[in-house]
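Below: a set of structures, written as C-alpha cells.
In what comes next, subunit A is part of two complexes: it sits with subunit B in the first one and with subunit C in the second one.
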Partner chain A sequence: MTNDQIKQAIIQIISVIAPDEDLSRLKSDVALREQLELDSMDFLDIVMELRKRYKVEVPETDYGHLASLDSCAAYLAPRLADK
Partner chain B sequence: MMTTHHRIVITGIGLTSPNGNTLAEFRTNLLKGVSGVVWFETRYMGQVLAGVCHYDPLTYQLKKEVRRGTRAGSIAIYCAQEAMADSKLDFPSFDKSRIGVYLGITEHGNVETENEIYNISQYGYDTKCWSHHHNPRTVANSPAGEVTLNMGITGPHYTIGAACAAGNAGLIQGVQMLRLDEVDVAMAGGVSESIHTFGIFASFASQGALASHADPTKASRPFDRDRNGIVCSEGGCIYILERLDRAQARGARIYGEIVGYHMNSDASDFVLPNAQRHIECMQAALTKAGISPSEIDIVSTHATATPLGDIQECLALRAVFADCPTTYFNNTKSFIGHAMGAAGALELAGNLPSFDDGMAHPTLNVDHVDPQCEVSNLVLNAPQKLARVDYILNNSSGMLGINSVVVVKRI
Partner chain C sequence: MSSSHYDVIIIGAGMSGLAAAVRLAYFEKTVCVLERHYAAGGLNSFYALGGHQFDVGLHAMTNYVPPGTRGAPLTKIYRQLRLTPEDFGLVPQRRSEVRFPGRTLHFSNDFARFVQEVIEQFPAQQENFLRLVQYIHNYDELDLDAQPLSGREVLAGFLTDPLLIDMLFCPLMIYGNAEEHDMEFGQFVVMFKSIFCEGLARPREGVRRIITALRRKVRAVGGAVRMKCGVKALHITDKHVQSVELDNGERLTADRIFSSAGSVETMSLCTDSTSGPLAGRPDCLIPLAGRMSFIEIIHVLDRPMQALGHDATIIFYNCGETFHYAVPDDLVDPRSGVICCPDNFLYDRPLVTPMIRLTCLANFDRWAALDESAYQQAKADWLPRIHQEVLRFVPDFRTHIQFTDFFTPRTIKHWTGHVNGAVYGAPGKHKNGRTHLDNLFLCGSDQGFLGIVGAMLSGISMANLHGLKP
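Right, the complex of A and B next:
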C-alpha cells in the first residue's frame, strides 16, 4: 500500500469508530486526538481493525506511532508493503 | 397512615414497545388491538417470531454511543430521556447526585457475548480479535450505567436481575430507595434486548416453549386453548418516581401512587411457576396496600402463553380474586409478546391510562378460552368499559421461581 492508501485506510477505520465526526478536513501532520474526539478505547479499535483487516500487529510500545495520519503512514508502510 | 414524604408516586413514563414508542401510542394500540409481533431474522435460526421496537436511537444518542454501548442501554436511554421529559422536572438544574437509576433485567450480556463469539469465528477463533468493548458492554449494571453516562446522572445506578419479574422489581427498588431517602428521584423500570441473541429463542424451542404460528400477530395467545408458547420481545419502560410531597409541591402530573408491592420465591422448580407462591405474593402486596382483593379493578396478568404457566397463574388468580365481581383481568403479552425484563414495567404502563379513560384493554387472540384458564371477567379480544378504575394490580413472575407484584392507586 502507498502512504496515501494507508492514510485512506486509517480514515476509513476512523469513520466506523467515530461516525459522528467530520473527517473531510483532517490534517495529516496534526495528531488525530487534537482534531477528533478519540479516547484510548478508540485507539484500541484502530489497532483491532488493523489486525482484522490487514493482519498487522501493533505492539503497545508502538501505539505512539499512530498519533497522526502521517505517522501512521510512516509506521505502517513497511508493514503493509505487500498488501 | 404513611406521610406524604413516604408515599411514592409516578410522575413520568418513557417507553418503547413493539407496538408503540410513547405511552399514548402504546395505549392507543392496546385499545385498537394492534399487535407488534413480526417475523425477525436471527443468526443460525433464520426467521423467528419476535416483538421488535422501532424507536430511533439517534433521538438521544450519538452514533458513537450506539456503537460502543448495548441495545439494552440504548433502549434504557431512550426510555429514561422520554420519562424525564414527560415528568417536566427541571432536569438541568436538578441535583444529579440525588437521582437513582434502577432497572430490572431478565439477563444481560448474552447478546454481546454471542456477537463476539461470532466475530472471532470470522478470524479463525483468534481471541486477539475479541473486542475490548466486551467487558464494559457485559457488566451487569450496563443498561443503567449507560443511562447515567448519557444523562450525567451521578446518583446510584444498578440493574436488578429478576428474570421476568424484573420490571416490577425495578419499580420496587425505586420505591424503597425513595422511602429510605437515598434519592429524591428514582428512574425505575425494566429493559430487554433479548431478541438479539439466538440463544433465548433456541432455548425456549428446546424447552418446547417457543410460540409458532403462520400469522405473527396471532402467535402470542395467553389463555387460549391453542397457545403453544412464548413470543420473545425487546422493549423498555422507565418511570419517574417521586415522593408525593415533592410531586405535589411542584404541581406534577401524577399517574398513580404505588401503594403496595411484594416479591417472593417459589423454591420449587427452575422453570414451572408455583400457584401457591403467586397467591402469597399477591396477598402480601394487597396487605401492604391495605386493601381487599375486591378493591382491585384491573389485574394485569403475567401469562406468557406457555401451556403450564398460564394454568398456574389462573389457579392463583381464581384463589385470590374468588369473590370479586368488579375485578377484570387482561394481558399485554398477547399484543407485544414477552418483553422479558421490560415486561412487567410495560404491562403496568399500558394499563395506567385506565385511571383516566375507564377502559380495560383486552387480551388478544383468545378464540377458545382454555377451560383451565377460566377466570371471571377476563377481558377478551375487545376493550371493556369499567364503571371506575381506582386500583391496578400488576403481576409478574420468572424463572427460578421469582414473583413480583405492584399495586397502583389512582390519585
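Right, the complex of A and C next:
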C-alpha cells in the first residue's frame, strides 16, 4: 500500500468507528484527537480494525505512532508494503 | 478443536451479554451466548399476557442524548456496537417529577432547567448545589480502580438541607442502587449524570426494539445465541474453567467465559470448593447477594393518562417524613415508588395500548414464603393500598383499567435467576470484572454499570478489557 492508500484506509476505518464525525477536512499532519472526538475506546478500535482488515498487529507501546494520518502512514507503510 | 469449543462463552442474553457478544464476534472471536430463558433481555425483557405486550424493567431508558452528542455513553455505545440512533429509535420524555410532601422538583432532558428548578425550590442551597454539580461533572465515575465512597457522606459535605438530599437520592436509588440506605458515590454520579444531566427516552416499541437491534447485530457479525439453554455448572481445575455444563448435560469448552448471571449466582455455578473462599458453597454466598427488589403493577387503560389530564412521564414519589430505601419489613413499602406512563413520551403518534406502571420496593423473602393462594391474595390486598398512595399524584384512573398484571420479586427470580429477585445485583461491585479464576469474568449489574446503557457499556468494556485488548 502507498502512503496515500494507507491514509485512505485509516479514514475509511474512522468512518466506520465514528460515522457521526465529518472526515472531509482532516489535516494529515495534525493529531486526529485534535480534529475529532476520539477516546481511548475508539483508538483501540482503529488498532482492532487494522488487525481485522490487514492482519497487522500494533502493540500497545506503538499506539503513539497512530496520532496523525501522516504518522500512521509512516508507521504502517513498511508493515503494509505487500498488502 | 471440536465444534463445541469457542473463544468465548457468554452466560446470559441480557443487555450486557449481547453487547459483549457483538464486540467479540465483530473482531472475529467465536462466541456463543447461552440463555436459560426463551426470551432475551434478562432484567430488561418483555412478555405477552392477556393479549397485551409488556416490558419488564424498562420504564424509560436513561442516558438519553440527542444523536451526535459527543462523548456521551449512548454515543459510545452506538460507535462501539456499530449501531445507529435509528436502530434504537429513542423518543425523549415529556417531563418528570420528584414529589415529596410539600415539595416538587420537575425535570426534563434539559439539565440547565433542572439546576434552575433546584435553586428555585431550595434557594438557601444555591451555592452548595452548584458546587456539588461541579464536583459531579469533574468526577471520573468510570474509573475501574476507584475506591467505594459513601454517597450520603459526600453529599452531606455539600448540602445542608436533608430534604434536598433525599429528593436527589430518591430517583437515583430507585433506578439503580443495590445497597440499602446509602449509595456508593461513584454509582450516585453514574445515575445523576444518566437521569439529570442526560435524560430519559423510550423506543416507541419498548425494550423489544433494543433487544432486537442487539440480537440482529450479534447474528450479523457471526455470533451464536442459544436460547432455553441454561448453565448447570462451571467445571474448575487449577483456578481455570475447564468446561461449561449445560442443563441438558451437554459440555462446551471455551478459552474465556463472561458471566452476566450475577457474582453470587456465577460463583455458585463453580464446582471448585478450594480455590475460591466461597465457591461451591452457595449457602455461604447468599448473604453477599443483593436484596433490593420491587413489585410492579401494570394497568392497561382504555385511554392514555393524558386524556385524564396527566402528562408527566415519570413521577418518583415519597409520602414519608424521610425517604427510606431499604428492604421493607412487610411485603411492600407503598410509601415511595415510581409512577410511569409509557404514553407520555414525545411520540409522533400515540401508543396502541395505553398503560400506567406502578413500582414499589418489596421484600423477596416475604413474597417467596407465600403459598399460591396466599400469593394471589396478597396481590389483591396490596393493589388498593398502592392505589391509595399513587392517587395523591395522578388523576383517578381506576374506572379505565382494562387489564392488570402484577409481578413480584418472586416473578423476577423465576425469570432472571437473580438471587432474591435483586434487580440491581449485589452491593459489592467488581469493576474490573475479574474473579478468582483466570478465565472467568463478570459483566452486567455486578460489574457495576447499571441501567440499559450501563449494562451495554459493561459488556463492551469487559469484552474490550478481557477479550480483545492485545
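Rule of thumb we're sticking to: the second predicted complex is superposed on the first by the 83 of 83 C-alpha atoms of A that agree within 3 Å, B and C clash if a C-alpha of one lies under 4 Å from a C-alpha of the other, contacts with A are read in each partner's own complex, and residues count from 1 in each chain.
FYI, contacts are C-beta pairs under 8 Å (C-beta built on N, C-alpha and C of every residue); 3 or more make two chains touch, one makes a residue touch a chain.
Everything quoted here is computed from the prediction, not taken from an experiment.
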Since both structures carry subunit A, what do subunit B and subunit C do when superposed there: clash or fit?
clash
What is the contact status of A:Ala74 with respect to subunit B (first) and subunit C (second): first, second, both, or neither?
neither
Is A:Val30 in contact with subunit B, with subunit C, with both, or with neither (first, second, both, neither)?
neither
Which of subunit B and subunit C A:Lys52 touches, first, second, both or neither:
both
Which partner does A:Met41 contact after superposing on A: first (subunit B), second (subunit C), both, neither?
both
On the A-aligned overlay, A:Ala18 touches which partner chain: subunit B = first, subunit C = second, or both, or neither?
both
Considering 132-140, 150-158, 276-284 or 402-410, which region of subunit C has C-alpha atoms that clash with subunit B after the structures are aligned on chain A?
402-410
Under the contact rule defined above, give the subunit A residues that sit at the interface with subunit B and also at the interface with subunit C.
16-20, 37, 41, 44-45, 48, 51-52
Residues of subunit C that touch subunit A when the two form their complex:
27-28, 67-68, 70-71, 75-76, 78-80, 82, 84, 460, 464, 468-470
Complex interface listing, subunit A residues touching subunit B
16-20, 37, 41, 44-45, 48, 51-52
Quick check: in the complex, which residue numbers of subunit A touch subunit C?
16-20, 37, 39, 41-42, 44-45, 47-48, 51-52, 57-60
Residue ranges of subunit B in contact with subunit A within the complex
62-64, 67-68, 123, 128-129, 131-133
